[in-house]
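Next come two complexes built around chain A: one with chain B, the other with chain C.
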Partner chain A sequence: MPTKKSQKIDIYAMTWRLPIIIWQLLFFVGPVIFMIAMSFFLVKNYRMTEAFEFINWSKMFSKNYFWDSYFYTVTIASISTILAMLLAFPASFALAFKASEKIRRWAIFLLIIPFFTSYLVRTFSWFVILSEKGVVNALLGYIGLGPFTMLNTNFGTLVGYMTLTLPLVVILQTITMANIDKTLIEAARNLGCKPLSTIWRVIIPLSKTGLIVAAIFCFILSFGDFVAPFYLGGSQEPTLPILILDTTKSGQQWPRAAVVAIVMMITLFTVAFIGIALAYRKKASK
Partner chain B sequence: MVKNTNNKMFRMPNRRNLLKISGAAVLTTPFVSRAWAATTEINMLAWYGHGEPDMVAEFEAANNVKFVSKYYAGGDNMMALIAQSPPGTYDIILSDGEFVQQLNAAGYIEELNAADYPFDDMLHEDFTKFPGHWADGKLYSMMLRGGHLGVSYNKNAISAKEAESYSCFWKPEVKGKVGHFDWHLPSLGMISLYNGNGSNLWDLSDAEWNDVQETTLSLRPQVGGFFDYGGTFNGLKNGEMLAMCGIGDWITGVLEKDGAPVGSVIPKEGGIQFTESYCIGKGSDKAGMVTKFIQYMLSPVGQVKSAQMAAYPGFCVTKGGRAALIEADPAEAKRSHQMDGMSNEPIALINEGRIHYRDIPKQQSLEDWNDFWSEYKNS
Partner chain C sequence: MTKPLVVLKNVQKLFGDFVAVKALNLEIHEGEFLAIMGPSGCGKTTTLRMLAGLEEPSTGEIYMNDQVMNKVKPHERDTPLVWQSLALFPFLTVIENVEFGLKMRGINKSERKRRALEWLEKLDIIEFADRDISTLSGGQKQRVALARSLVLEPKILLLDEPLSALDAHLVIRMQAVLVQLQRELGITFVYVTHSQSEAFAMADRVVIMGNGEISQVGTPKDIYRSPQNKFVAEFVGRNNILSGTVFDLTNFGAHIKTVSGTFSVSLKTDKLLKGQEASFVISADLVHLSGSNPEAENSVHCKLISEEFVGSMVTLFLEDKSDQEFKVQMQERELSKFDLKPGSDIWLSWSAQSAHLLNVN
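Coming up: the complex of A and B.
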């Protein structure tokens, strides 16, 4: 009977789905619900007390520094995303279309290697390279340039973001472009499409989904990163993750930190939702 | 037939039995040794460095104890860690002096017996009746060490004469090279001193608080970053920062010993003293051993260890400790001005009224100060 059959299939499928559902409920949905509840709690004598007050929301939203941090974080994460996409594209293009299969495999392996080491350690290594007496300024000094201040600036923050995101973006872009049907590119060329036009009108549209996913990942990682803006940017203009730390440090205001975290999550959900909608949007047929 | 009556105990074991016996011996040895000489664990809550081997290893070996340290950064963080733990979690708490009264008010610490400690050996009378350490004639905390916060600077960029005033932070040549230790209390305290509030630096009227905010904002174009301990250390070491607001010898001292051209002085407007004190955690069942440890740290040997602490130096608070430091490590005593007659000698600075003990705002809340600090960082 069809009903019994479908019921059996459901149980079988559920058996395999259950671990991930339980995992998500325990480690994502549960903490998020707790965080939302916590944003209404109060702190008395450094101890959180259960309450349902909107004071934390009104307090944070009424502060100019919260909105300054918010817009700065959105801006610098957007710049990071654009920069990573632009820097990664030529490399990914070369790996996808110019390099042999063997070289491509090695390149992807080498791009994974940075993730074997701690991001914090990689960030600290930039001190040696970017400081005023560092490697970059020493090299520039040979041609009579500098010294330039690179640490504790937006440039420093962006270098940190690239350290975090660039290898991942290159990998995602490469895998996406390597899977494009090469005959379509050849067809475009045979029909007289110029190289740049082929990239713009064939390769980018065909790899749109992967490119947007790479951009979303880059934005998410940059938006939530604490290490680069704190250590390489000198916390000059605090990003939202730094604001979370500042808020918890002073008076243990975890509920107010929860407000900041929820705003961050809503922003990231919105960006991811719009990005995915764009990635999978079908072109309207004429 | 004669039955073999040999005692099994004395029979030569076969290979299987030998293995069994050996295995059992290996597995039970740790329990035997623990039962024989159980090591007492002492849970310590402190700033980084106080539970490291250079500070506690000798005491551990002599008393068969083991310190299990939990480190915090800042008084708020310390209060939260205690508030979120059951009573008796921490046997010994190292607190910033200004937070002892809050620990006591919340009932987190035990009363101490004043007779157990060397009050007659303290270097300054203030140390014997330190604010907040006593309540209703009862002692709750024992001062261990201190340090002075003032102008910390790179000697190649700022002269000793210029460093005599906080105004050197506004020097055009150090624009973008002035760093802040990322904690509002010491930095805003220094600006309050620069504004001439003297001993009232924490007790500001609304008008004075507004002035402090205005002066602080005027420093913002000079500021190159806000740092934690590691960032401050690196910034001064690699020359990215040429002056630091909010710190003192506790950071530059480590770099100075390493040969970096940096130093800290107390400017003419005055400096701030941080004070670190030991308390016994409420409900601790090892109060006896903790008392012994505090006595050890206040002994000449302990005071020398404290002055030489690898993580960050602090000055001795007992006469015996200072004398022992001068004898054991004259170079460090000289570097940290802990010799009578030296300029910037800590006790002389206190006597001259140039040092003010770090405190919390009196007329504003800590939240007001922190809110302004966040605004300042974003401005």
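Coming up: the complex of A and C.
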């Protein structure tokens, strides 16, 4: 039968697809399923034993420190996202509209360079700059200011988040805005739109999709980052990634750490889903 | 004609070393339909962009209502432009697109809506008011672009090849819409195009540009029948251009000797010297065919090379024995009596009044 023929597996294509499918199953789907299962395990005498109990979930959800950490992480990741989007915008705007094609290409290349070095190394370098006796306080000291405590504060955490996200956000914003049809900006000007208003009236609506994708990336990276809140924020208020570490250390509570991790994943899925839905939303046409 | 609304005085535009427009002088009158026509890269679009303030002249002045406009920013002018790409805002609905300019002028919501609807009605697209731009056809988008500009009630409307993306039959329809709108509103249209048929069908006056300069300004008929120079004659096409030297002068005109023979040309103004080089044109539709030697003053014996049909009009491409090209345009039914095939012999002739002398440049 002809239908049978079309259903026949193409061995050649499968051979090429198989490695990535196996990889994903082994190292992504497998661990996620295991993690979900683990969240129902029990820990007895510091040893994990297989079980199916909801106690980890109810214990975690009844703890104030869990919810404090959750809302703190959502808040600081949101602030990080807004801050990165705002700090990046003028630079991206200049690169997209004022710079020549050549300069834009070089700028994007240079913005990729930070990713060559380890994020941890880049984070540690901030100690030199931000500590009580660091570069910033030394400079401020000359004009009689400070010293300010910048490490082990929310400010420190945010500096770390910016180190992680800003280059990427600038790249994404620049590429998005460089690709919009410049004629539309001229058309707006021609119809009486002031130069600065074109940003709000034309440029942002036209680059909405790319800007939201940049914001989603920024939120995901900040929300899941362990390094910045731990080393620069001093884990004064633990974010969820720090909470995971603490939970595994204290009494080998891997199952409860799994609960935190699952909550994080659900949050990120929700944010990404809503973000993408907004990014690609069409006007309701009647 | 009334007083000029726009005056361009020695306007020049440089992009780096490249001279896009050189020393342009032009008066645009109130209420006229002016077409600026030329091949691509001739500076016609740059000229239009300078009128809209999107480019600033490098030297020279542009006056509107006797005021120098050089430094006036685009958003401070009332010079809406209909773009070649239409440049409608894809994130706004049809009516929001039309309201955009009014919103920028701070007009309140209900007034904006009233005026936008009025124009959508006038352009026959009111049923699409709340639609997305992407759901419209090319012709409908065209009308939205026109409404968006005209709702501002400007004194002058700039159009940059707005019909170039449309199907042939829609072009004809939109031409009629544009001409009717322009007559009704009585405002000035400045229409940039590379299409001779669009320019000649609609414009009161046509400006022919080449290499950043104006080659000729005149009514479509002037340009078609009396091109002033070789560039215009060639650009307008469907012309026979012959070059030679002045053989002798009569009180009626001149005889000009060319490789194809000696022809008489009637002179209107020009003073011509014997022995001087001269070129003249004969419109392809003013050349007559005859099967045998017509024994007329201006005639050539030719061979048919090829023919081209556009509707009921036929253009014949011919060559004489000295390889000079000739073109003849006529109705298909007139041609049928000659029974021509490629390679057939035929005689061409024209009257001295049909020949038009070109300026030497």
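Operating definition for what follows: the second predicted complex is superposed on the first by the 260 of 286 C-alpha atoms of A that agree within 3 Å, B and C clash if a C-alpha of one lies under 4 Å from a C-alpha of the other, contacts with A are read in each partner's own complex, and residues count from 1 in each chain.
Keep in mind that, in the parts below, a contact is a pair of C-beta atoms (placed from the backbone, for glycine too) under 8 Å apart; a residue touches a chain by one contact, two chains touch by 3 or more.
Just so it is clear, the structure is predicted and the values come from calculations on it, not from any experiment.
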### Joint occupancy of chain A by chain B and chain C, clash or fit
fit
### Query
After superposition on the shared chain, which partner residues are touched by A:38: those of chain B (first), chain C (second), both, or neither?
neither
### Query
Counting only touches as set out at the top, which of chain B and chain C does A:184 meet: first, second, both, neither?
second
### Task
See if chain A has more residues touched by chain B or by chain C, and give me that chain.
B
### Message
Looking at A:96, would you say it contacts chain B, chain C, both, or neither? Reply first, second, both or neither.
### Response
neither
### Message
Output check: A:206 vs chain B and chain C. Expected answer is one of first, second, both, neither. What do you get?
### Response
second
### Query
Does the superposition put A:234 against chain B (first), chain C (second), both, or neither?
first
### Message
Contact-wise, after the overlay, does A:214 reach chain B, chain C, both or neither (first, second, both, neither)?
### Response
neither
### Query
Looking at the overlay, what does A:195 touch: chain B (first), chain C (second), both, or neither?
second
### Query
Between chain B and chain C, what is the tightest CA to CA spacing in Å in the combined model?
45
### Query
Across the two complexes, what residues of chain A are contacted by chain B and by chain C?
none
### Task
Mind listing the chain B positions that touch chain A in their complex?
73-74, 76-77, 79-80, 82-84, 106, 176, 179, 182-184, 223-228, 230-231, 234-235, 238-240, 366-367, 370-371, 373-375, 377-378
### Query
Of all residues in chain C, which touch chain A in the complex?
52, 54, 73-75, 79-81, 83, 85, 87, 89-91, 93, 100-101, 104-105, 130-132, 135, 148-149, 152
### Query
How about chain A: which of its residues touch chain C in the complex?
181, 183-184, 186-195, 197, 202, 205-206, 208, 282-283, 285-286
### Message
Applying the document's contact rule, which stretches of chain A touch chain B when the two form their complex?
### Response
45-47, 63-65, 68-69, 72, 127, 131-134, 149, 151-152, 230-231, 233-238, 243, 246, 249-252
